[in-house]
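Once you've had a glance at the structure underneath, I'll fire off some questions.
Which chain is which? They are A, B, C and D, in the order written, and residues in each are numbered from 1.
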Amino acid sequence: MGKLMSVLEAIEPIKDGDTILVGGFGPMGYPGRVMRAILKQTELKDLFFVANAANQNYLVALEKLLLTRARGMIATFTRPSAAAEKLYKEGKLEIIPQGTFSERIRAGGAGIPAFFTPVGFGTAVEEGKIKMTIDGREYIMEKAIKGDVAIIKASKVDLEGNCFMSGCTKNFGALMPAAAKYTIVEAEEVVKPGKIDPELVTVPGILIDAIVKVGA
Amino acid sequence: MGKLMSVLEAIEPIKDGDTILVGGFGPMGYPGRVMRAILKQTELKDLFFVANAANQNYLVALEKLLLTRARGMIATFTRPSAAAEKLYKEGKLEIIPQGTFSERIRAGGAGIPAFFTPVGFGTAVEEGKIKMTIDGREYIMEKAIKGDVAIIKASKVDLEGNCFMSGCTKNFGALMPAAAKYTIVEAEEVVKPGKIDPELVTVPGILIDAIVKVGA
Amino acid sequence: MALDWRNFVARRVAMLFKDGDVVNLGIGLPTLIPNHIPAGLKVTLQGENGVLGLGPAPPLHEINKDVFDAGGAWATLNPGGSFFDSAVSFGLIRGGHVDITVLGALQVDREGNLANWMVPGKLMAGYGGAMDLITCAKKVIVAMEHTNKGDPKIFNKCSFPLTGAKCVDIIVTNMALIEVTDEGLVVREIAPDTTVEQLKAATEADLIIPDDVKVMTVY
Amino acid sequence: MALDWRNFVARRVAMLFKDGDVVNLGIGLPTLIPNHIPAGLKVTLQGENGVLGLGPAPPLHEINKDVFDAGGAWATLNPGGSFFDSAVSFGLIRGGHVDITVLGALQVDREGNLANWMVPGKLMAGYGGAMDLITCAKKVIVAMEHTNKGDPKIFNKCSFPLTGAKCVDIIVTNMALIEVTDEGLVVREIAPDTTVEQLKAATEADLIIPDDVKVMTVY
């Protein structure tokens, strides 16, 4: 079976309790079609979300899932989001620096279980983490993030799953497929293999499991 | 002053004792013009080279510099190279796995002082390194590589230093500029800013200090 | 034509840039800065959302929905610009390849500590990319109104949770330009319409005011 | 037409591939394998030098000097292929996104240890990308001549410095297909022209030969 499928087929493997990585910098690169399908066409629960932001105005399906069907979230910026405030009060929201967020996901995909960074030293971010002085400067150890599922959006995808993400839409979606066991990409444009310049492939097709074509 | 300059101007800031990162996978992506200038038009000595390979047939200037003017080298594959054999016998050649080589250089450029990898565990590579069990698997800690100078080759470069490296020539040269204080790129094609598609920039110009145009 | 205080601060910050600088601008007041960068000075604007070479906002009919700044505003790309993912973007930031970051603050203190991500019990925004930027950029400039509706924002010690420890280099406000030094907060310039007494009253932190303090002027 | 022993081994290895596999092939004998992958089986070849979707070698007049494999041989790119730098390439490898790696060996042993980077006192080649590949690929297949001019290469314990510890899954030679298990080396198939006695004589390691051992055949 090919990778191009309906949104319902694409989300079928997702299970209760799964950790889901969601691409996008605000609404740009956010896979709204697939997220709406999870909200409206499944009863999935106890989900853990890894997404740069929560935003009740722009990321509506994510907001609603966070409110009622999430066991937690890792994010870097969550304003405005009533759902994130609720999770935060319940101790279920981990707020981390955006560079650490990106690097932890990249590490998850690249077989790096942990790395050191100076970011967060001397702040609440360092709490509970291993610290080390390396060549005279102090660092904290951060661990890789991996997920069961990644859901991303591409500008263009070929039938083997090779993704091109235009301009600033690469952000986190470019990193998430390698860090997840199963990846769904949504795109408005689906083309034949070879129709994306091999120099312009943002995510290689070997990391993509399901392609959902959405209306332009 | 612009970044485009003669090879002698470009290599002028290099000092005795410098650590020099040299791009290329074998002869592909290897900056032969600049390396020959260092060999023939300077008396620089006590240099430390970081390059994927030594090869007396294909990387001739590097081979000669290694023989007489190097205090050491980090590489992944050095056959055939009489210079590398000599350095190895003198305890001045560090052979490391190619993925660790790449990642240590990337880390050097990306402000990551150290990271963990499973590669090399149970082999000579682990000797003298910090080990850690993370989520039940054993890893070794590897430290970033940084250099004083990076010398790389690009397929095309614009006057601001933005580099496009075609096909498989990206290899290590794409990673080295961020890890060095001073970077020289050689290229056969030098174009105006804006003439390289912003999606095709392999190395952003902010990381490039000197551009040397070489004959096609 | 007199500048309003926000553009006055923005222009004074722009005057701190040097040719070749790579600069990251936060949301709010810092977004005014590009209008004040002198023509002929080559400054490359970085957006942590994955772009180098940000240009001015486009006319509405020329928007490219894939080109925007880290505040989510539509932008353009200058010739010589480039796009990349967030791991590359923060690799550039963490690796020290951004020369200057300019951002706002809720609180700054005498040690250069900065708080701008939450007000306990009231507001929880998150770090976004600010923590990486202020920890790793070569120079950190806070650009803000000197007070919050009359309440001081510059303290001997921040009370809100920190975004970064000992990271701020320069504070530029509508009242003064202040340098964070090992000795404490040194006032280098005072705005023309501000007296030393007004400045001290608007600042909780102890200030060092050298004899050669200058009047804050912009071109 | 009978295959020579190298192509016999290459074809037997190719028969181990499954649809959708991402495969990295080492230098030497493994470079023969692409000729034996059945049409219709979708196998993506990765080169650690920064490429996915390697195709066959080009005719001399169609060489693109920027497209080559990890052995430095000119190659082509299949539709759907892509290029990337070495950090991305080894990110894919270390991250477990390469399903199978096939490579040669100087020595292999009963625990699945592999040595192929140096002969003490004689040869020092280096690890290249082999150490990353055999540590991180989901399946590691050694493809080689069973002996080195009659001297065994499969031991109870490697004497040369290791390239990887406990990493080999399957050994395919001109004499046998051997699986590395927790119990030891289990011979699954013996080549048609080889007897059990010949196999044991050519192997230093203890071998487990089950009753249901098969004749090694290729299509």
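Details
As a convention for this text, a contact is a pair of C-beta atoms (placed from the backbone, for glycine too) under 8 Å apart; a residue touches a chain by one contact, two chains touch by 3 or more.
Note that the structure is a prediction, hence the values are computed from the model and not measured.
The chains that touch both chain C and chain D are A, B. Listing every chain that touches chain B and chain C alike gives A. Simply put, of A-D and A-C, more C-beta pairs touch at A-C. Rounded to whole angstrom units, the spacing between the C-alpha centres of chain A and chain D is 35. Work out the mean CA point of chain B and of chain D, and you get 29 Å between them. Measuring from the averaged C-alpha position of chain A to that of chain B gives a distance of 33 Å. The residues of chain D that reach two or more other chains are 77, 83-84, 90-91, 93-94, 136, listed in rising order.
Among all residues of chain B, those that touch two or more other chains are 103, 106, 110-112, 117-118, 166-167, 199.
According to the touch criterion at the top of this document, the contacting chain pairs are A-B, A-C, A-D, B-C, B-D. Interface residues of chain C facing chain A in the complex, by the touch rule stated above, are 47-51, 64-68, 70, 72, 77, 83-87, 89-91, 93-94, 117, 123-132, 135-136, 161-166. Listing the residues of chain A that touch chain C in their complex gives 25-28, 52-53, 75-79, 84-85, 88, 95-103, 105-106, 117-125, 155, 165-172, 174-175, 202. Those residues of chain C whose C-beta lies close enough to touch chain B in the complex are 22, 44, 52-53, 77, 79-84, 90-97, 136. The touching residues of chain B, counted against chain C in their complex, run 106, 108-112, 158, 160, 162, 178-179, 192-194, 198-199, 201, 204-207.
Touching chain B in their complex are the following residues of chain A: 103, 107, 110-118, 132, 134-135, 137, 139, 143, 166-167, 199-200.
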